[in-house]
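These are the structures in question, set out in turn.
There are two complexes below, and they share chain A, which is joined by chain B in the first and by chain C in the second.
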Partner chain A sequence: MSVLYLGILAAIPLLCLMILIPFFIVLFLGEWSLRFLNLIAEQISQSSLPQSLRTVIGMVPKLMLMIFKSIQRNMLRTSLTYLATFVLVLVVTMVWSILAFIDAVTSDKAEDFKIIITERYQIPSQMPLTYISQVQAVLERLPPELRPTSDDFMTWSFVGGSLDPQKRTFENSIFLFCLDPICLRTMMDGIERKRSRKTGEVYDELSPEDAKAMEEIVQKMKANRQAIVVGKERLRILNKQVGDVIEVTSFNFKDIVFRFEIIGTFPEGRYDQSAAMNLEYLVQALEEYKREKRTAHPLADKSVNLIWIRLPNREAFNLVADVLNNSSEFSSPPVKVETASSAIGVFLEAYKDIFRGMRYLLSPAILITMALVISNAISISVRERRTEMAVLKVLGYQPWQIMLLVLGEAVLVGVISGFVSAGITVVVVNNILNGLKFPIAFFPAFFIPKAALWWGPVLGAGTAIAGSFLPAWSARTVKVSEVFSKIA
Partner chain B sequence: MNQPIVQVRDLEKSFIRGSEEIKVLNSLNLDVAEGEFLALMGPSGSGKTTLLNLIAGLDQPTSGQILVGDQMISEMTESQLARWRTRHVGFVFQFYHLIPVLTAYENVELPLLLLPLTASERRKQVRNALDLVGLVNRDNYRPGMLSGGQQQRVGIARAIVTDPTLIVADEPTGDLDSKSADEILTLLTVLREQLNKTIIMVTHDPHAAERAQRILHLEKGRLVSETVRDQRITIP
Partner chain C sequence: MLLTRVLRTPWTALARSPLGTVVAMTFFLLISLLPLAALLLMLPAFLPEETVLTDSNQRSRTPWADLLKRLFMFLLGLVLLETIIVFSIELVSWMPLGSTPDLTASLWGVLPASLVEQFPVALRDHPAYCLLTIYLIDLGLLTIIGKVPLRYNVRNLLVRWRITMITALAFVVVVTLLTVMLAFVNGMYQLTESSGKPGNVFVLSEGSTDEFFSDLGYGDITKLIDERVDFDRFDQPLAIPITVGKGTVNGKQVDLFSQETYFTVNEAVPNGNGKRRFVQLRGIRDPEIAGLVHGIELKPGGEWFTPVGARKSADGPQVLYECVLGEGVAATFGGDVGKRSLEPGDTFRLGDETWLVMGIMKTEGTTFGSEVWGAQSLLGNKFRKNTTTTVVLRVEPDNAENAADFAYHLNNRYQYQKLRAVPETVYYANLSSTNRQFLVAIVFVAVIMAVGGIFGVMNTMFAAIAQRTKDIGVMRILGYKRWQVLVSFMLESLGIALLGGLLGIIISGVACWLYAALGFQVNSIVSSGQGGGKTVVLKLIASPDILAAGLLFAIIMGRLGGLVPSLSAMRLRILESLR
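== the complex of A and B ==
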């Protein structure tokens, strides 16, 4: 263990250096870009633009350059401020990514309004297969403008099993969503092909390669009932690969052994630990069981766990809920109709304190720490440069201009640090680590949204302004005669 | 005497230290002619620098009037004073006070950034100022790479680059060896003679003061005597 700690300790300076490299590159490129801009400004100053505009164009790159140079006067302090901001933006980005995901899945989406039907009084929900056609019949009776299409319907049956029936372990177990393979691309969150309700435009959240691979998987699963798709992480844990044939002894569908052919993997992310199989194979297995045992399987009439429907709006939801809640067709067992977001919200209720802590305690605490770190660095810098501020005042700089120069220095460090931190977080978490492994409920990993690329700089700039406001104000109020009388 | 460019009337300045009021300048009257090189001398605490700061618009008097050119600067707000200083005053400091991260060129250019000038006009003015102080070939040097005398020359270039009405210098040779000091004083003389600049210089050094046309002696916030070309006149 001590060797591990020593290794980590030794890696920290190297890591810091690696994090600092982008900062130095941005500073270098920024400074040279401003020099180049300055040359352009000189050319523009000879153009026929209005004098005031030419003055501003000529002045801005110069003042920006001064800010760039100022933050380089004490590179150690600037680097440490950058590193501290980097780490804090990284933590906030990760926390906010989790919260943003949770917010997204627990809020209704006008474009993708899904509802879930489950058994009302039992967890796990177990509904008969006949409910599928009965629910479809209810949907058929909806007014045409509210009626979902066949692409808006999905059922889930959960199948759990082990590759070794004698010794069931985490490493040899597999959990499968049992569904119509088409639903993988029409209804499964994260891998579905989406259609805009307003424009009818079809779009994908998957990369073109992943989308193509998923389309091929769907076709193979339709053609071969025994084909399954498995998450990459689960495949690795099972020590299997695409093309392998596996026998899975189910532990919920007792006495049923499935023989699967692994034909592909899910795109990295949400389904890393899961797998999906064809519903027809489960139905066939249940029928074979009945033929062999001359009695129906105990779960034959309880094999549907969830029914998902995408509806155009809440009005359709109310109609469906009204029918399903009151119809005698759905009384044995009675069912519950919820929006997907509210169902997930109920499921996540147990984690609400963690989320509340992250949202209202951790995030503000980090933001305040960031502001204090920047405030401290800028305060020292302003204190050291009081004479310089006084000189600027003597030269005719207005207090607000001096304040802007100081704020500019802080914002520059904050923005670069925020952007680099968010950028690295997105690349490392999403592409190298395959998600932030922070398992909550049925979400095994979280991904950093692309929006983090603007969160980072905005966070950096916001906290820089908040942190440097007081030091900048103190620079603004430097009294020239006092400064020089002390020097004399 | 030419038309006075600086007129100081009944000037008083006092500071509050704790519960005590310290009177630094007391009913002071002064005229400085356009194109004059004036030296202010006196013991420490006599009010030389305070007077210089007031004339340069860096501080506000407790009472009295200061007229520079046609501007009553004693009645200006801080913001008006800042704008006025940019165009009308060039300040030369004892310790140069150049911005260490900027090159000589950029230091000289600093006050010009506040004026409505195009980049090419700015460049021309900076080149002229550096040429005048003999440092055009050092324009890309940072202050740390220059000697004290050279830094002070950059400071003077910065002071004259806006073509101000008035140049005020607070002990401009106080931090220099005698050779460099002599060069700086020669430069100030050239500015007066060739560009007709009005220069007010505070100094402790009698040799430096000798280069001025007129020397005013202050004591306890009052002008006590005036020396014009070796003739000392006591002010009643």
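== the complex of A and C ==
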């Protein structure tokens, strides 16, 4: 591992060169495109269009071309600024991706309004199996337009166990969601088929290949109670493969040994470390325990951990919550009803200071550093080119045009580096690293959203403007007489 | 002849090729972190026309003499390098830094453990101090050997004060952020390290990594009280057998054996608009014994709850659940009612019951700060967990070795029940798994930000050199050697880095102190990484080693950012620079 770290360190200059290649390509293509546009603009400026329009059409490509040429004047400085902006946008993109995901999972979605029923106080929630039918009975009493279908209902029981009961380690342990296999495709976040409430259209979160594979898995699990599906990463850690039969000694359902057949894997992503089994197998195992030991398992009436329901709107949620929170049917143990987002939010409460630090300390600090780096580079550039600014003024360029030139240079570098950085981050993190492995609650990895492709350029442009404003203003106020008197 | 050809091979031609440039940059990146004074002493070994120790250069008569001279300078440089390193480590070993490894010692994890074990103790446990001392000594040596007057560099920094301030400000931001983040992780580490007693053994059910998953209710756990260990964990007979220790409560001798039930309860935040939070509860069979075992006392004015755990309210038939609170959770609940902290006599609602605060535990710096303690039987009935999850016992003789032996005995020799016993310090150390992950993430972010800062200082230095090309030519004409020009610009870069670094650690140190002094607390979670975990309340601890790490980071950024521009200044030819 230390050799790997040294190798990465040694490869940094090579990496820097590779990161610069897209920048050079954009500069080259941009400059020649603008030269071409400039030629066209010159032709248009001789046409019979209104004077103001001709001026604008003539000026814009010329200014842009000047900007492209100016930043190529000192490629070392431009490259260093580009690289600095690149790495800082990379960090901000990763931080914002994590925060954006957390914000998304902790806010209610109108299109996919899910609620969770759990025991009111205790963690982990432990409810009797009878609550399933009781909750379904409550749902049947809802008005038809608010009533969920059978596809909108799911229960979870958690089964944890080890392949080696004598020596339990992280590497030989497995954590399973115990549920009705159909729910894998109707209710499990990230791998479900969804129906749009507005259009009624059914769409899939999975690719066609993954969807087909999951459908087959569901059918196999329905046919074979002992069939399980495991995340790829967990399968690798267990050193098992699809088709293997494993014996899992449960550590929460004590004295129960499950015999599973691994019949498939989850699509890569959210469930890489998890597994799913058939609820009927757990029920069967509890009944067998009772037959053998002549007493019910201590967790027999505590085996349901969560009940998920997809409801059409908040009105339905309020009706269900009102019944479940106050009904004597659900008093032993008492239950609570909350939206999925608020339930997840409770788990993330312990991390709130970390998120606050990321949002209000880390991100602004990185943006400030970016702005300072750009400000530094532009200030040096303006200072060196005071004579050039004076000459431009003599040639008739207005102060605002000079200011625009300086701002334009900064924005160009910022936008290109921001876009390239965000693009590379999306590809590398999502496709090569399979997500950012950051220890937040039960989320194994965070992915970079496509929105990052516009975050990057906006960040680059925004910090470029912020950092280069004062130097650009200073360039605007260059006094021609002072500059030429020094030269004289 | 062959030797001559080897010595005169045109390395510069190779270096000028693109591959050569990348290889050269990689090489300089790797050696830039070595003490520069020692590297300069080695310079004549590679560039024989350069002199370091003498003013004039006398060419060797024979290739063998030339080779010997180069070898001598190389070895001299190595000797200086070793001297600086050894002296620094020795100096640090004399400092009263304590025997506990610093947070920065965790970063040795990137190297093989067998290699790290060979390091001197000071370097292994206090790497930030050692490296900082090495670089400061190197800086001092450079200041002494650099013949270019320091006034020249200071003047240049002052003349270009805007650029200097902008560059230094970037350093301030990076170092402040790094130090605050490290202070956060340091707080977590100190919390987990100080939460356990060396002589305590933490007993869970077999296979449990955390109290959350443990259930000791399948056997008579009180049999442990009479357990006696005659052999250590290496099966050697013990001079003094280990037993469960004794203590005194209200004049009576008691066994230091605490049976506990750990709960996590989900409750609605008062006036929180439906928001909920987790509250950590610990059901205790005997609170005074538990206090003795965990080494926890109550703040003045408080008392432990009764074994019954409840009482009638003074003004009615309402039943009040008695409890004691950790300082962190007392502050959290106090915030619900607009108080800084709940006090003995206050009440709060939890689980549809009213709880009476009997006392506040002195739990600063421990994970118990986020816990509510109540009577085990009452809590078990209330929250449907009528089982013991944890037994904590103190061994006699009371020390860490005996705790380890007792734990081994329970795991491997105890017949009555399958248990998982760990010394309490080890249990809490294992909760540092999330700390390590946060530390890695922080280092990653800091390194990335540092890259940005390095490019920033490189920009500044390249621009400074470009503007002072004539100065460099004049300095060369006046007789200053090329390496002295390099030293001059390196000192300028390090000056900016030191300025930014010092400001950064002052700001972060003051900010962390103020944050704690004003009573703000930071919430986080510690876990062994295999499920479970405890919400903890911690402080930002910007200890001296953290501040040293921040300053060290700034110096490293300055070195990396300043070396390449300084090398380019060094390579300027006199005539070209004056043209």
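In this section, the second predicted complex is superposed on the first by the 453 of 488 C-alpha atoms of A that agree within 3 Å, B and C clash if a C-alpha of one lies under 4 Å from a C-alpha of the other, contacts with A are read in each partner's own complex, and residues count from 1 in each chain.
The rule is simple: contacts are C-beta pairs under 8 Å (C-beta built on N, C-alpha and C of every residue); 3 or more make two chains touch, one makes a residue touch a chain.
Predicted model only: the values in this text are computed from it and were never measured.
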{"item": "Chain A: partner with more touched residues, chain B or chain C", "value": "C"}
{"item": "First, second, both or neither for A:173, with chain B first and chain C second", "value": "second"}
{"item": "Which superposed partner A:480 touches (first chain B, second chain C, both, neither)", "value": "first"}
{"item": "First (chain B), second (chain C), both or neither touched by A:450", "value": "neither"}
{"item": "First, second, both or neither for A:55, with chain B first and chain C second", "value": "first"}
{"item": "Partner chain(s) touched by A:63 [first = chain B, second = chain C, both, neither]", "value": "first"}
{"item": "Contacts of A:236 with chain B and chain C, given as first, second, both or neither", "value": "neither"}
{"item": "First (chain B), second (chain C), both or neither touched by A:212", "value": "neither"}
{"item": "Overlap of the chain B and chain C footprints on chain A, listed as residue numbers", "value": "none"}
{"item": "Residues of chain C defined as touching chain A within the complex", "value": "22, 25-26, 29-30, 110-112, 162-163, 166-167, 169-170, 173-174, 176-177, 180-181, 184, 207-208, 213, 215, 218, 263-267, 274-278, 351-352, 383-385, 434, 437-438, 441, 445, 448-449, 451-453, 455-456, 458-460, 462-463, 466-467, 522-525, 527, 529-531, 533, 535"}
{"item": "List of chain A residues in touch with chain C within their complex", "value": "1-2, 5, 9-14, 17, 76-77, 80-81, 83-85, 87-88, 90-91, 95, 118, 120-123, 126, 160, 162, 165, 168, 170, 173, 175, 251-252, 254, 302, 333-334, 336, 338, 342, 345-347, 349-354, 357, 361-362, 365-366, 368-370, 372-373, 375-377, 379-380, 383-384, 438-439"}
{"item": "In the complex with chain B, residue positions of chain A that touch it", "value": "38, 41-42, 44-46, 51-52, 54-55, 57-59, 62-63, 65-66, 69-70, 72-73, 387-388, 391-399, 401, 480-481, 484-485, 487-488"}
{"item": "Residue numbers on chain B that touch chain A, as the complex places them", "value": "49-50, 53, 56, 58-59, 78-79, 82-87, 91, 93-95, 97, 99-102, 106, 109-111, 113-123, 158, 170-171"}
